[in-house]
Each structure stands twice: as C-alpha cells, then as structure tokens.
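First chain written, first letter: the chains are A, B, C and D, and each begins at residue 1.
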Amino acid sequence: MTTPANIDQSPGSRQRPLGVAAIGYAFMGKAHSNAWRNVASFFDVPAFEQKVLVGRDATQVAEAAAKYGWAESATDWRSVIDREDIDIIDICAPGWMHAEIAIAALAAGKHVLVEKPLANTLAEAELMTAAAAKARANGVQSMIGFNYRRVPALALARELIAEGRLGTVRHIRAAYLQDWLSDGESPMTWRLRKETAGSGALGDIASHAIDQIQYLTGQRILEASGKLKTFVTQRPGEQGMEDVTVDDAAWATFWLTGDMGASVEASRVATGQKNSLRIEVYGTKGALTFDLETLNELQFLDATVPVREQGFRRILVNEPEHPYLEAWWPQGHIIGWEHTFTHQIRDFLTAIVTGEAPSPSFEDGLQIQRVLAAVEDSANNKSTLTFINTTSLVSEGA
Amino acid sequence: MTTPANIDQSPGSRQRPLGVAAIGYAFMGKAHSNAWRNVASFFDVPAFEQKVLVGRDATQVAEAAAKYGWAESATDWRSVIDREDIDIIDICAPGWMHAEIAIAALAAGKHVLVEKPLANTLAEAELMTAAAAKARANGVQSMIGFNYRRVPALALARELIAEGRLGTVRHIRAAYLQDWLSDGESPMTWRLRKETAGSGALGDIASHAIDQIQYLTGQRILEASGKLKTFVTQRPGEQGMEDVTVDDAAWATFWLTGDMGASVEASRVATGQKNSLRIEVYGTKGALTFDLETLNELQFLDATVPVREQGFRRILVNEPEHPYLEAWWPQGHIIGWEHTFTHQIRDFLTAIVTGEAPSPSFEDGLQIQRVLAAVEDSANNKSTLTFINTTSLVSEGA
Amino acid sequence: MTTPANIDQSPGSRQRPLGVAAIGYAFMGKAHSNAWRNVASFFDVPAFEQKVLVGRDATQVAEAAAKYGWAESATDWRSVIDREDIDIIDICAPGWMHAEIAIAALAAGKHVLVEKPLANTLAEAELMTAAAAKARANGVQSMIGFNYRRVPALALARELIAEGRLGTVRHIRAAYLQDWLSDGESPMTWRLRKETAGSGALGDIASHAIDQIQYLTGQRILEASGKLKTFVTQRPGEQGMEDVTVDDAAWATFWLTGDMGASVEASRVATGQKNSLRIEVYGTKGALTFDLETLNELQFLDATVPVREQGFRRILVNEPEHPYLEAWWPQGHIIGWEHTFTHQIRDFLTAIVTGEAPSPSFEDGLQIQRVLAAVEDSANNKSTLTFINTTSLVSEGA
Amino acid sequence: MTTPANIDQSPGSRQRPLGVAAIGYAFMGKAHSNAWRNVASFFDVPAFEQKVLVGRDATQVAEAAAKYGWAESATDWRSVIDREDIDIIDICAPGWMHAEIAIAALAAGKHVLVEKPLANTLAEAELMTAAAAKARANGVQSMIGFNYRRVPALALARELIAEGRLGTVRHIRAAYLQDWLSDGESPMTWRLRKETAGSGALGDIASHAIDQIQYLTGQRILEASGKLKTFVTQRPGEQGMEDVTVDDAAWATFWLTGDMGASVEASRVATGQKNSLRIEVYGTKGALTFDLETLNELQFLDATVPVREQGFRRILVNEPEHPYLEAWWPQGHIIGWEHTFTHQIRDFLTAIVTGEAPSPSFEDGLQIQRVLAAVEDSANNKSTLTFINTTSLVSEGA
C-alpha cells in the first residue's frame, strides 16, 4: 500500500494543493463538481485543485470537465489512480462500479468519497469496508455520500436531539416520496434493473430515510419488517417491453436500540410529490418535523413550555447561528439542495487535514446495506427480521 | 324610561328566565339563533328563553322560528319591545334599521345586542350611543357584535399582547379578503347600494379588521389615509343594469396612539380568498399572525428565545387553557366560525347578570364608524386625515 | 321481534315524531346530543324528539339531560328499550356495553346508532352484526359511528376518487397522531386496560384511519402486517402504579383488493400532534391529502393538467357545491369537528325514512374489528397475515 | 465615446472572451461573483473571463478576488475602465458611487450591470439613464439588478399573467418584511444615514416590491400615497448615539395603468420575518401568491375550474418546463436565493451577444426612483400624488 501523498509528518510537508479527481459526470458528477468548484469560496478549506474528471465518452467528458471546472479529463479511472498528483478520488459512477474503483483507490493511498449506496451487493460492500478500515490505519480517509446529513436543518435537528431537547425519543416517522415513475409509459432505464441498480425506491431513497433515522437519534436498527411493490411491471425499452425488476415503492417498520420505533415509506410513484423526504421525530419532551422540499425549515415543538403557548415553530434555518450557515448569505436568503454537497466536501476536506475519520464511514454505509437487505428478506418471507448482534454501532460524528 | 324587567335588587328578583327576542332571520339571524340555542349546553349562563323571532314575512319567519328554536314568531318588531316578558333584543336586521329599533328597545329598558355596523350613518350611530349611555345608567346593557373578538385565537393574541409578550407593538398588518363579488355578472343586491348598505367592503369587512387592530393593542386610531375602488360599476338588477354605489375594495393606512402604524386592505374581489381575515402584529419582543380561514390557529414568535430556535409557533388554540375552549371538546377537536357567536352571547349574558358593561360598546361601534368615515373622506380628498381629539378611547374589556 | 314503530306503510302512519334515546353523556354523549339538538336547524330531516338521556348516575344524567336538550333522563338503559315512544337508540356508552344494549334494542325493533368500535371482542361484534342483519330484514336500521366519513373534505375526496380523478389508486398513507398520553405521569384510566378498552391507539384511532382507507377507495384490506408498542408500561392508579395493558402506538402495512397498498401509524404519544388524522392517496392520475386538524381543507393534485402548472390545490371545502355544506354558512365560514356528528345524524335519519340501509353498517364495523385483530396477531407473531376470503366487501354508500 | 471591444461586425470578431470586472466585494459583490463563477457551468453563455475585482482595501480585495474566482484585484475602479481587455463592468459598490462609475464605464464603451437602487438621488439617476441611452445607440448594454425578476416562480407568474390566466388584474398586495433592525440596540451603519443610503426600507426593499408590481403586470404606477416611519430614531455609533435619518418601515398605496390598485408595505422591524417578499395578485379569472422565503413555490388559483375543486395550487417551480430550471437539477431539488443572480448574469450576457437591450433598463430603474420619490413626497405632504404623464412605460422584456 502506498502512503498517501499528503500524509507526511516531516516539516514542509504538503507543499502542493491536494489533487482531486472525480469519476462520473452525470447527475451526481454535476452536483459534486459544483461543490468542488464553490467550496473554497465560502469555507476555509485546505488548498486543492480540480484536476481530472473521468468518464467513458472522451468527447462528452472533455466537455463536462471544461464546463464544471476541471483542468483535464480522462476516460480510464485507473489512470488517475496511478497519478501521484491525485490525492482524492470522488466516485460518482453507478453503484455497480463502486467496489472496484474504491478498493483500488484506497490501496493506492487515495482518500475516497463515494456516492451512496456503498455498493449493489452486500459482498462488495463488505470488501470495501475492509479496504477502508485497512487504509484508515494508514491515514487514508474514506466517506460515503449521505449528503442529507449536511442539510443545515437536519444537522440542527441532530444537535437538538443530542442536547436532550426532545427528551427520550419514542418514534420516528419517515418517508421519501417522489413521482418520476408515476407515469406507466415512462421508459425502461438501468435504474429499473436489479442487476445494475441493486434495488429501486428502497436503495435509492429509503436508504436516505434510514440513514437519517440513525443519524438523528444516534441509534441503530435492530429489527425490520418490510414490504416491496412494483406497480408497473413492464416498461418500454429499446427492444420492446422489458421487465422492471426493482421496487417502485417500499414500506418498512423498524425497532432501534434505545427502544424506539420508526416507520419508513418510499415511493417513486407518489404522484405530485417531487422530492419529499419527510422526517418526524417524537420524544418525551418535544418533537421535530422536516421536509426536503422546504429544506431551509425545521419545525420544532418544545413541550416544556406552557401548553397555552406550545406549537410547532417554523425555524428558518438560515441564521449565522445555524450549522454551515455563517458561510452563506444574510438571514432569510435561502440556500438550495446542492449546497448539501458543498458542505459534504467541506467536511471531507476538513477530515483529511485533521486526520479525524469523516462520517458517515463505509461501515455506516455497509450497515445501511444490511438494513436494506433485511427489509428485502422480510418482504420476501412475510416476517419480521431481527439482527443478531448490535456491535457495529452507527458512528455519531458529523 | 322603563326599568329593565330583570334588574330588581329585591330578594327573590328575577324569578323567571330572561326572555329573548331576535329581529332578523337571514344569515346573521341564523348565526345568532344558533348561538342562543347552544350557549347553555356549553357555558354556565343565566337562565333564558328563546321567545320570539321577528321578521317581515309571516310565513317565512314562522318557519325560521320553528327551525331555529324560537317559541314564537312575529312580524312587527315594536310588538316585542312592548312585551314585559322580553328582556333582551338581539338586532340582526340590516344596518339601516338598527337605530330605530335599538333606541326604542333601550328606551323600553331592554338589553340590546346589535350586529355591526352600528348604523349606516354617523348621525344615527351618535343617537344610538347616546341612548345606550342613558340606558346603561339604569342598568340596561348594550353591545355591538364584533364577534371576531370571541375567536379564541384572537382572544389569546390580545392576552399575549397585554402581558407584554410582544414588547412594544410597532405595526400591524391586516387584511380581509373575500371573492364573492369577483364575478362581474353577479347580480345587484341591497348590499351594493349606498343608501341601504352604507358602504361596501369598507363597512362590511374592513370594519372587523379595524376593530381587531384596536382590540388587540388596546390603542386607538388617530390618523387615517384611505383609498376606495368599485371595480364593477354596474351589475344586473331586476330592471336591467344598475349602478353599484359602494366600494368593492378599500385600502387604509392608520396611525394609532402608542405610536404604532397599521395597514388594512379589504376586498370582495380577491379571487380565491373566501373569508380570509388576516392579522399580523409586530412588536419589539415578538410577533403574531392569524387567518380566519384557519381560525383555530395562532402563530406566535417569541423573539426572546435564542435565535437558533426562534420561529413562528403554530399554536392550535384548542386546549382547556385557551379562552372559551374548556367548554368545548378535547384538544385538537377544532371549532367552527359560528362558535364565535356562542361566545358572544355567553359574554353578553354574563354582563347582564354581573352588571358590568359588555364590550365592545356602542361607543366602540361609533368610534369605528368615525374611522370608516375618515377613510372615506381621505379617499375623496386624496389626503391624510387626523382625528382632533383622542378622548374617547376604545374600551378594553373582553 | 317487534315491528318498528315508525315503519308503517298505511296512510296516516308515523303521526308522531320519532322518539330518540341516547345512552351515555360523557365525551361522545355530549357530541351526539349536540348533533341531535342542531340537526333540524340546518337539515331537512324527519320530525323527532330528544326524549331520554340515559346514564348511571341519576343526578349527573339529569343535569346533562337538561343541559343537552333531552326531555327526560333515566338510569336504566333497559327502561328506554321497553318504551313504545322510543324509536331510536343512540349508544354512546363504552365499548364493552355495546353488544348487550345494541342486541336488545334491535330485538325490540329500535333503530340503533352505535359509536365505534363496534365492540371490544370479535365474538360480540359478530353477534351484533347478526342481530343487525336480522333486524334490517324487518326494516330496522343500524349504523356504526365512523363520523369522519361525514367530514365534507373526506366525502369530497371519496367522490373525486369514485369519479376516477385519481386514476388507479396505488397507495395510501395514513396516520392518526395524538399526544395526550405523551406525559408518563398521566394517570391510569379504563381506556388503558385491555379488559375495558379492548385495545389502545389501534382500536381507538387507527380504526378511523383503516375505515377511511376502505371508505375512500371502496376497497377491502386483504393482508396485514403490524407492530404494537406500549411505551409507558405503568401509570399511577388509585391504588399505586398499575400496568398499562393496551398499546400507546401501532403501525400497520396493508394490502387491499384493487392491488393497492396502505400504511397506517397511530400514536397517542406523538408529542405536539393533537388530533392529526392524516390521509394521503396516490393514484395514477392524481393525489389527495388531508389533515383532521384543518378539516375544512382538502389538498388535491390533478396530474392531467400540464406539469408547468401542476400542484396540490388547497380546496377550502366550504362551498355550497361541497357535501353537507349548503346547510351551513356562506363560503369560507369554516365548520368544526362536531359538525361531523350532525351530518351523521342527518344521514341516519334519512336512512330511516327512506328505508335504505345506512352506511357504515355493523358489517363494516365487524370487518374493521377483524382487521384490527389481524394487526394484533401479526404483531404477536411477527409475520404478515392474509385474509382467507374477500367476500364481505366493505359497503360503499355514504 | 469608445466603441465596445466586443461589438465588431467583421468576420473573426470577438476572438477573445469577454473581460469582466466587478466593483465591490461585500454582500452584493459576493453574490455577483458567485454568479459569474457558476453561470457557465449551467447555462450556454458566451465565453468570458472573471478578470478583476475592485475594492478600496488592497489586502482585503486581493483576498476576496482569490476566494471568489477573480484573476486579479485592483483598488481604483478607474483603472479597470481604462483597460482594453475589460468589456463588462459589474457595479456592486454602494448607491452613492453608482452614477460616477456607471457614466464613466458607459462612456468608455463598457457594458454595465448596476445593483439597485440605480442611484441615491433622482438627479444622478437621470444622468445615468441619459448615459445609458446614448451608449445603447452604440451597442453598449446596461441593466439594473432587480434580481427577483429572475426568481423562476416570479418569472412563471409573469408568464401566466401575460397569457391571461388571471384575466384582468384588479389589485396586487405586496410586502417586504425583514427584522434585522428590530433590535433597538443594533448599531448605526451607513445604511441608516440618508446621505449614504438615500432611504431606508423604502429604497432598499420596497423598491423590489414596486418593481415586481410593474414587472408582473406590465403596468406602470400613476398615483402614489405613502407613509414612512423611523421607529428607532437613534442608534449607538462609534462616537455615541447617532440619529437614524432613514425610515424603518414604509407603506404605500398605488394606482396603475390598466386601472389596477396595489399596496406595498416594507419593514426592517417586522420581528420574526427574515426575508419575506410576498406578492399576491388578484384578477378576474385567477390569482397568484408568492413568498421569497419559499422561493421555489408559486401558489396559483385558476378560477375557471369548477368551484368544487378550486383552490390555490402550490406549484413547486422546479420542473424543466419552468423558467431557468432546465439548467439545474431534477424536479424537486430546490434552488437557493443566489441562483437569481446567476440567471441575471445569464440574461445580461445573452443580451450582450444578441444585441437586444436587457431588462430591467436604467429607464426602469429611474422610473422606480421616481415612484420612491413620490411615496416620500406623499408621506411628507400627507396627500396622494399623481404622475403627470405616463409616457415612459415600464419595459416588458424579461
């Protein structure tokens, strides 16, 4: 294993900026590139350079690199892993490519940020986690991109819960509702095939809700009961109708350490709901609600104030006092969805210089994969599943 | 002047229930009747009987009396004023009839509740107020029906302001928006003629907003600037097109004692707004907002809590701790618009037995008529008007 | 079996008004009494008289009878069943008393309205349903009080779905959230003992959500998976701490005829939620959402309009065009929670005169009891349950 | 006057990218820089380079230039106007500097974008407008930064009104509410002195509301009535208490061409309101409402659909079909406040290449200054003011 270029204890170390390469230039590649292009304009981060954008189509990736602020482009991800001037690999490629790239990059001493889900199979996710653990021992950092941990309102929610403002949390109600598959005529894509996508609404969006449940409370899922459904079983492909082999919607009921319950509903056919990740947390002393479509807002009820004046407060999470907000604009000038990626890069870069492992880790990603698998098994078996041990607790840092 | 039947200091006085007669059985008559029929089922009020309902059409009023819970009906309002078994006259007739009935009733020693506006002209309103003052000296009570003072959320708002929870109030933003005249083909009615209705949106609905501004803050309007507009100047009547001679919409900017400002907008052509009386109060330490279409809710912001957790709280004003609510249902079981009339009757009956003058008084009604007149004058003159004296302060009881 | 007094085909039949007796004067007795007292003031219903209110404590029931508009009071429910001048028995007593009273009343030829749940045990519910079927053959009507079917917004929702405005419904998301047991110090009551209450949040409030799911879609639950939880296992009783033997919260995932899914969450410890029955229905062509705390509103999204102008419409269900609303006030003058009972009495009385069986029937009530039992079994077994046959379809009338 | 470097009709013209210099690096400089840095990553715009950032403090401006993506920094704005490689001057300096810089830049053939307000005095604004007109004749473009015209929801609102979806607009209700001056202890700044800031809430934020009223409807204000108020008349400065010489709050009632009314309220002491620019437009066929704190949403009511299903639709203006949105993220992934500046730069650059004059023009800015002056005069005179002629109509392009 190579020593990471930027981990050098000698005086005068790290004389050059960190070199970054990103793999993938579709939706996630665009969002990550935007974060790299802007993070240093708002946050105090170590010097870095947007060196290479990697993609399969030479012309398209060159164009994307120019557009998104990368100095060069390349078509072979292995070439950037071999480069000494690259210190960070940001993997925005589809899930089935994650394991191979991430393991190679970590072995080469590169810090790795990988989009969720960690991998399409549990086996791959386990290999990746092992590779990350080994690399971490050598000062090489790794992180999985559950970017909604960096929504300021959700970061504030976590703080309030950690401070005991909700008392003991009893149950969480979560849903992630979209409607882009509502139309039965909408065409077949790789996202609707089990072999390329792993799963449907479950892995794609329920995973965010599951991560939040654990992130907000600091607890870990112990028991899962699930149901999956594909409403539109065939869709028009290039060679006629093709079978959809992933779920359109998923339901799960969980029980967590700390004796708290949680429900999750995920749908890509919830007509009229565009990108509505909703979370409600009920505790003995208070409650919180959130919706990603109004991500600058957190509703907080403090049950310790007199009943006469109790009510959910709409906190516009847009003040310098709020997580990440001091960097942006004056109060009330709301931020957008993409800013969560900028915060993620900020935290990842900070972890690299401080040497503290960033969160969420590959272990966290793997644990969520296990929960997703349990939901699927439960759905198939029509029974509730219980995890045998609770040792690998969800990491708590943010 | 007759001594009121029920004001008898001797032992054994008021051996019989209070006798009530209501005049008018249209919209307001129906709402008041509902309040009389139900008030004793929820509140602890002195015994009374729904004796007579008065209206011009003998058949219709008999039918309405039977339907709304009145023992008898009559066609001549003078007949009920002459009756010894009638103690209370509830005037729900159109505004141009108020003065004559109220003055006669008060002279006969009957307690009088009159719907707003007090009268169609200032001259009539002044005569009524004088009659009320004279009768009050004899223990005869009178009250004007600004029923929104009895919306629990607004009563709570007033309490919070009086307790100093908003600090010094700086400005109030009010509007009353409806759309029932939005359609230009909607027919001519007596409500659209100056001689029968007095004014349009100004007197009908802006008057409620003006009353609230003064009621909530305990202050009095000193300066008024206004604008009136009739968008649909002719409407189909029974003999062809007729001129609309009242305003469809009104705007006013006020300055009040206590150095606070207020704006009011009233419209009956605000397409899509059904019955939206909105009030926002901004003070140095907090703020309140309200909308009549969601009348069980009050939004309250306490600016003395840390900025990090500040926000408008949606208080569901539906707890036993809230004004009037103990009488109704368990928390969260919302009440409707008509309940404000039930509360009004409760407070009116209570005033009759305690002998304390109920609020709002005819003086309050007159003062609002003066404000409305000032808005109209200002609109005609295109200049701001200032009241010469501020002696007759708005009464503060509730 | 006696022939019902008012079912007489001969000329001159039913010369007297229907005689009504209500049993119970607590929360539900108060709400039903209010409906009886007011229904004829708003709706065109057959003549009836509020004859007797029945309760165990002679003094208290006499007082309640006077307050709520009943001519007499009584302490023995059997006495009113024996009376010839009583045609209707309205059962507002606790669930464990339903079966005995209802069966006796039906046998005596009295029309019966019974509060939900139908009974505390399936066995009792089955006996009641058999009695109702037998009585119905003799023209004696029976109905169970799922009053939320009479929320105008939900009645409108049902109409829109029946008209195909949502296309094929795919999934429903429902919750009923309250917080009156959130406080762990809140005392023990009969509602928290299995033997008196049957179940907790499941039977009390989830039952409403389950009824709505079937009512709105006209479909029937086939498969159930559930989870129950008692968070506060002991509460202070009169003789020290006592065991709570019903659930504080319940979760269920259902599959219905018509191949649609549904999730239900019910909680009495959802801090800050007062009476929030929420329903979301997602179909191929549109969607609907509702919350009981703002019961005058229905959110409707029509996915057949161009995407550019699509959005959830807040319909203020307060127009003469809307179910039940013509009877009340002009547009935008909102109604309260208790009005749903008035509508229920209206529909029940109408059914009695028309001879058409009212809905929901005892069969509907029984089927919901079966669903509740399936949720409980599933929770105990940690497995999903499937109903063996689907013959007893939910009735569809309103 | 110099010919603009990039206006060359010969073949091979504009072989180099447009050179941009920005003046000012405070709040607006940061927001404009962000737009320049990102516009080409999302929109198809002509090539340009972020060449120079200008500011008074050499160290600070050099740091800001590095942070915000500018190649160089400078301390003298005149130096950049002299440079041949600079084609565009983006003026983000305070209002009292606008006139001198803009006039010099236009005379030198530079395209000019200037932040609102156009200037602090009408005299300066008139000189600037004359300079812009002269330069325009030579192909030199100029634009004023009323960036809220580029909020997608407001751009959509304008389209819907222009398409007649609201029928004839009757009245508009606008407010801009903030609370950053609510605290009376908040210190004195240049924004609170008339000589540096021109006016307070009126010029700073009411101006946005006024621009929207005219932009959305395509009409022009003819009549104005106003009121201004300074609630906190002294604030702590560096040498003790200083007089605040601008308004904290402003109220105005307008009448427009097209016989429509409008009200505007602006406050910087509206406790709890952070950045709430609210606009409601009522027409004969529909209505629209908007709030800047939820800028991704537009509420639209179409009064031509049956009353039974009418309601304000919450359109999440986040679809590829919506103005500017195709460039950003998939549906439901909301954008932030700063994106409006990116859209503004896009439109400004497009205008430069197409040669079409961008909107809003300096003439538009001047006209708004005149409206603001009229409000101030009306407030001083306590009378309504009417504009003598209506010739300089508000420009309509977007």
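Methods note: a contact is a pair of C-beta atoms (placed from the backbone, for glycine too) under 8 Å apart; a residue touches a chain by one contact, two chains touch by 3 or more.
This structure is a prediction, so every number in the text was calculated from the model and none was measured.
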_Between A-B and B-C, the pair joined by more C-beta contacts_ = B-C
*asked:* Taking each chain's centre as the mean of its CA atoms, which one is most distant from chain A?
replied: B
_Chain centre separation in whole Å, for chain D relative to chain B (CA means)_ = 43
*Euclidean distance of C-alpha centroids - chain B vs chain C, Å*: 36
_Inter-centroid spacing, chain B versus chain A (mean Cα positions, whole Å)_ = 56
*Quick one: which residues in chain D touch 2 or more of the other chains?*
273, 301, 310-312, 316
*Would you mind writing out the residues of chain D in touch with chain A in their complex?*
27, 31, 33-34, 37-38, 40-41, 67-69, 178, 180, 273-276, 292-296, 316, 318, 329-339
*asked:* Give the list of chain A residues in touch with chain B in this complex.
replied: 156, 160, 298-302, 306-316, 319, 321-322
*State the interface residues of chain C toward chain A in the complex, per the touch definition above.*
166, 170-171, 173, 175, 179, 182, 184, 225, 227, 229, 231, 249, 251, 253, 255, 259, 261, 263, 265, 267, 269-273, 280, 282-287, 301, 303, 310-312, 382-384
